[in-house]
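To start, the structure itself, in structure tokens.
For reference, chains read A, B, C and D in written order, and residue numbers begin at 1 within each chain.
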Amino acid sequence: MRKIKIGIVGLGRLGKRHAYNLANLVPGVDLIAACSPVQAELDWATTELGIPRLFKSFDQMLAEADIDAVWIASSSVHHSAQALAALDRGLHVFVEKPMGVTLDECATIERAVAAHPRQVFLIGFVRRFDPSYKYAKELVDKGVVGKPFLVRSQTCDLDEYAEFQLEFVKTGGGIFLDMNVHDIDLARWFLGSEVKEVHAVGGSYVHPGFAELGDADNTVCLATFENGAMAVLSASRTAFHGHDTHTEIVGSKGILKIGAMPRKNRVEIFDAAGAQTNCVRDFYERFEAGFIAEAREFVSCILEGRRPEITPRDGTAATRTGMAMTESFRSKGIIQV
Amino acid sequence: MRKIKIGIVGLGRLGKRHAYNLANLVPGVDLIAACSPVQAELDWATTELGIPRLFKSFDQMLAEADIDAVWIASSSVHHSAQALAALDRGLHVFVEKPMGVTLDECATIERAVAAHPRQVFLIGFVRRFDPSYKYAKELVDKGVVGKPFLVRSQTCDLDEYAEFQLEFVKTGGGIFLDMNVHDIDLARWFLGSEVKEVHAVGGSYVHPGFAELGDADNTVCLATFENGAMAVLSASRTAFHGHDTHTEIVGSKGILKIGAMPRKNRVEIFDAAGAQTNCVRDFYERFEAGFIAEAREFVSCILEGRRPEITPRDGTAATRTGMAMTESFRSKGIIQV
Amino acid sequence: MRKIKIGIVGLGRLGKRHAYNLANLVPGVDLIAACSPVQAELDWATTELGIPRLFKSFDQMLAEADIDAVWIASSSVHHSAQALAALDRGLHVFVEKPMGVTLDECATIERAVAAHPRQVFLIGFVRRFDPSYKYAKELVDKGVVGKPFLVRSQTCDLDEYAEFQLEFVKTGGGIFLDMNVHDIDLARWFLGSEVKEVHAVGGSYVHPGFAELGDADNTVCLATFENGAMAVLSASRTAFHGHDTHTEIVGSKGILKIGAMPRKNRVEIFDAAGAQTNCVRDFYERFEAGFIAEAREFVSCILEGRRPEITPRDGTAATRTGMAMTESFRSKGIIQV
Amino acid sequence: MRKIKIGIVGLGRLGKRHAYNLANLVPGVDLIAACSPVQAELDWATTELGIPRLFKSFDQMLAEADIDAVWIASSSVHHSAQALAALDRGLHVFVEKPMGVTLDECATIERAVAAHPRQVFLIGFVRRFDPSYKYAKELVDKGVVGKPFLVRSQTCDLDEYAEFQLEFVKTGGGIFLDMNVHDIDLARWFLGSEVKEVHAVGGSYVHPGFAELGDADNTVCLATFENGAMAVLSASRTAFHGHDTHTEIVGSKGILKIGAMPRKNRVEIFDAAGAQTNCVRDFYERFEAGFIAEAREFVSCILEGRRPEITPRDGTAATRTGMAMTESFRSKGIIQV
């Protein structure tokens, strides 16, 4: 059986998860190389996964490791440059979201992918691979809700991670680009149209530190689409019950809700406090199956010579909309996308 | 508009609720008399409800109050005697469950009701009047679950009432007669057949005091029916989350569950403890609508000259089965009903 | 026991419900008069409720019926004039929402109520009396969710009523004033602040007839409040599963959801279609307990000489915000309230 | 990294799943051999999984394949003989439930495992590895429900598989041994005690064919335990909504429910039929994560020189209790275990 040789770049919290999945849970993969500037992360790659080739430099990995594909899980600011370099070398590319942090970066990637039509390029819009979201999409495509005209989607992180995010927001893109990028992608996916206009509001209701950085800890955005549809996209850094990401698709015949109750598992507790359901704690716990499925899809596309359903255009649209939401939040006005 | 003149006997915790409902929430009623051996309860009847005629003796109320009907909410041991006396006087009778505490009492009532065919006689099997149970019965009668062959039904009271019940159990009938009488009635109602055999087990798992009285705080009973159907009837005095009464009807095409989650209302709480649902605290909170509906049905039957669907035979069957369950629990064997 | 003598005006679909409740389910009331221009409705008042005094003219009822209070359930356009006339006569006034259909009407009422401080004046913001909303408010006031900063609230009606609403919208106020008025009131109630700015979007996604009338069948509005809080207020005329009104209150420590699943009762069905929950069909089925509770509160306020928590200022704020939402929807811009 | 060389026997519906998991989803495994009497199944093993060594005879696989462990997924009647042969050869053994179909077989296995203390022996009580059941066990061990005294557990299969089961029941052990074996194991696990007495009833309510074979399509069993605890163990071959396996643990401080709603995923559908939740269709869909986890645990035990928590005594107890339930069902009496 043919195996795809993959090198991964980025072994942070999420990068380690990707590496573990590729090494253990994705048939058809040989994870033979890993790249990180952090020695401890490379040591982990040896000890835990037995990855044979380790690199501190991405360029060196490209040059020396005999790989078919790269898996980019580095910091957002490196995504587009690393993807470009890999595409130029003829490699298949998986890149975590966001595809790029500027519209220029996005445009460059779009051109490069178009110029290498035989190479698989996949962006990590992991929710599209989550079993529940996939199931919902199948139902929508079958017409179960009729024609969708409204999407409500929200991404909420556990409050205890907020302090950590305060650090991260300085280099990251802020709440709209970091968190709503998935909701934007989902709304476009389900509505089949492009965002036309956004109006975002929000505040730092729990952690004033976000306001000091020009960011927010809770936001809501009203978006309209070219086909007349609407979306309400929310984000929160202050969910106390757990990671609570859910989406609702309203159509001309019915409604689908995905993940309305962020239950951790199938256990319910009845005691002096009433009836309780424990919730998932973080996005990885919620989307573990999706992360494995996206890796399998990447490998399947390579093995079968298919192109993924997700395209660079999706990556660009998510970045463009997230930037418009940020601008709306700051200017307190409606922004054309 | 014609009004039915009613006298109530028994103004304990539940009796007060009945009196309030009759005075305020049941069209077509004049609650003109009340009877209790407790002066404070009679005072309450005056002050809170303005009931004009008060009696310490039931016989005196029958003799002197100009009433059309009696509402019997006294202690179980008085139910049958009071019902008989009222029937003999030509009055309509509502009697709280159990109809009688011995099979002899039940047989006497059955004969008396048969001998007074124009008088309405209704037993307080309140769950049959609960909107959810009524709705379930309509669905079952429409064939939604096909032919029912298994009923699971349980009655669970909040643990904090257990100490109070320890007192009550000395004069009451014990856990099977006090609590499962409703479940027995429901199983017969949904299965349309009579109990043939019971096998009950249980123990005093939380409050050893019940064992000392020959009773239990948690029980399960397996029952088989003449038509081959089955039931699992459970009771618990140690629910910590609230009053949790629920019933499941399994049939040849589907299943109905009634009250599987004993939610207090439509509110859900999401906080550091996860997702929580508060539960109803006691049977009255759970069945308030049923208590009002049964009073309305009693009055409607009188006004319209109808006989209730519930018959003395239902009261006898419940008492007989509850006694058989008690005997099974004590003898540790299967008992023919 | 003292009884309040009430005359009701308006015996349409909802008016009949109010009349029935006042006649049968509200202790302390004598519903002695009713007013409607429709003879059939007056006949119903006689036959079904035995109301002794019937009037075709509201002024005549005020002049001739010996009443303490009026209950106004007539068409919205008559609310303020009838309320004013009754206040002038020294009567207590219950008025269905909206209190007035113009800001002038609202201002006049505010002044009149202030000028008659001993008369009870209550607006039918029924959700505040719903047991679940009341319970949520108590929890919020106890600090269960910390400081609320975001309210999501929506009012959705069953699609099969849309055709009927097409007629009604011509004389009514449109989707924002007709439907969201309750959500506006709830958002103000829970957030404790006034609406500052609104931005509403929507469309006629299922029934093009609404667009022809300048209205919509589905809308979403983003609102900001003077204290910095936010709200998302939605309305739909095209819910296929039932009447689905729910509200979410997000605070600095947790979240409350009220009515997230519009379950009809406590029954769940498991059959070849999966697990199903039937939903409430209309606002009256959903809020029946609230309608009864608001009538009881009105009577209690009169009997106890209390003023209701809801004030004319609440009525004005709801009308003002609903008008701003309508203007935003039509102008496609952000509107200052 | 050391890899365990495994040979699998049995490539039927479930065997294929095990083989796929071992080949792809369990780190530390080389699935190098497979054994089946069916050529098409061996072809599948080559084509789909690339397993290099294929055998029609189990003895030949033991003799010729260079393996560390066998994975027994053959028919129940072969389990004990194959396990014994493998233990004798010094191999680690995973065996699907039931460990044996007679008490003699079970006793022989118990002795053999005791005689080979360094070989890992694991029975496929897969529910113990399901994330929700594991989580529940951790909560119970932490004391969340106090001391457990009642377990309700049921195994329900989709009705459309009943016809297939009619064939299978002829050679299998019947509904109690085939289906309740998991519930028995769970009740023992959570209650920490051995079954003392059982009383099982049931019938062929939907498919008369089961009665003709001395079996049933729906059953309920009341069990008591040596420590005084109780269990209600049910089975159904006629669930129309899906595979519905759930368990409830009642203790002296609270209750845990596992899987009360057999939801397929996180999607809810709201349409003209109301609110619907799709359910899992079969045990594999429900327990996929458990099947993978049990394989990982088997490998971990070997790599770490640990013995599994599940012991042959658990296998014997499940078989013994299942046989007693069958006897009770047939004799219509209470059976001592």
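Just a few scattered comments:
The rule is simple: a residue touches a chain if its C-beta (ideal position, glycine included) is under 8 Å from a C-beta of that chain, and two chains touch if they have at least 3 such contacts.
As the structure is a computational prediction, the values presented were derived from the model and not from experiment.
Of all the chains, the one whose CA centre sits at the greatest distance from that of subunit A is B. Listed candidates were A-B, A-D or C-D; the one reproducing the B-C interface, defined as more than half of contact pairs identical by residue number, is A-D. Spacing of subunit A relative to subunit D, judged by their CA centroids, is 37 angstrom. Once the centre of each chain is set as its mean CA position, subunit C and subunit D turn out to be 56 Å apart. Our note on geometry: subunit B versus subunit D, Cα centroid distance of 42 Å, whole angstroms. The multi-chain contact residues of subunit D, meaning those touching 2 or more other chains, are 239-241, 253-255, 260, 263, 270-272, 278.
If you draw each protein chain as a dot and join the dots that touch, every dot ends up joined to every other dot. Taken together, the subunit B residues at the contact with subunit D in this complex read 147, 149-150, 199, 201-203, 205-206, 218, 220, 222, 224, 228, 230, 232, 234, 236, 238-241, 250, 252-255, 260, 333-334. In the complex of the two chains, the subunit B residues touching subunit C come out as 1, 23-25, 27, 50, 131-132, 135-136, 139, 144-145, 253-260, 263-272, 278. Residue ranges of subunit D in contact with subunit C, taken from their complex: 239-242, 244, 261-263, 270-279.
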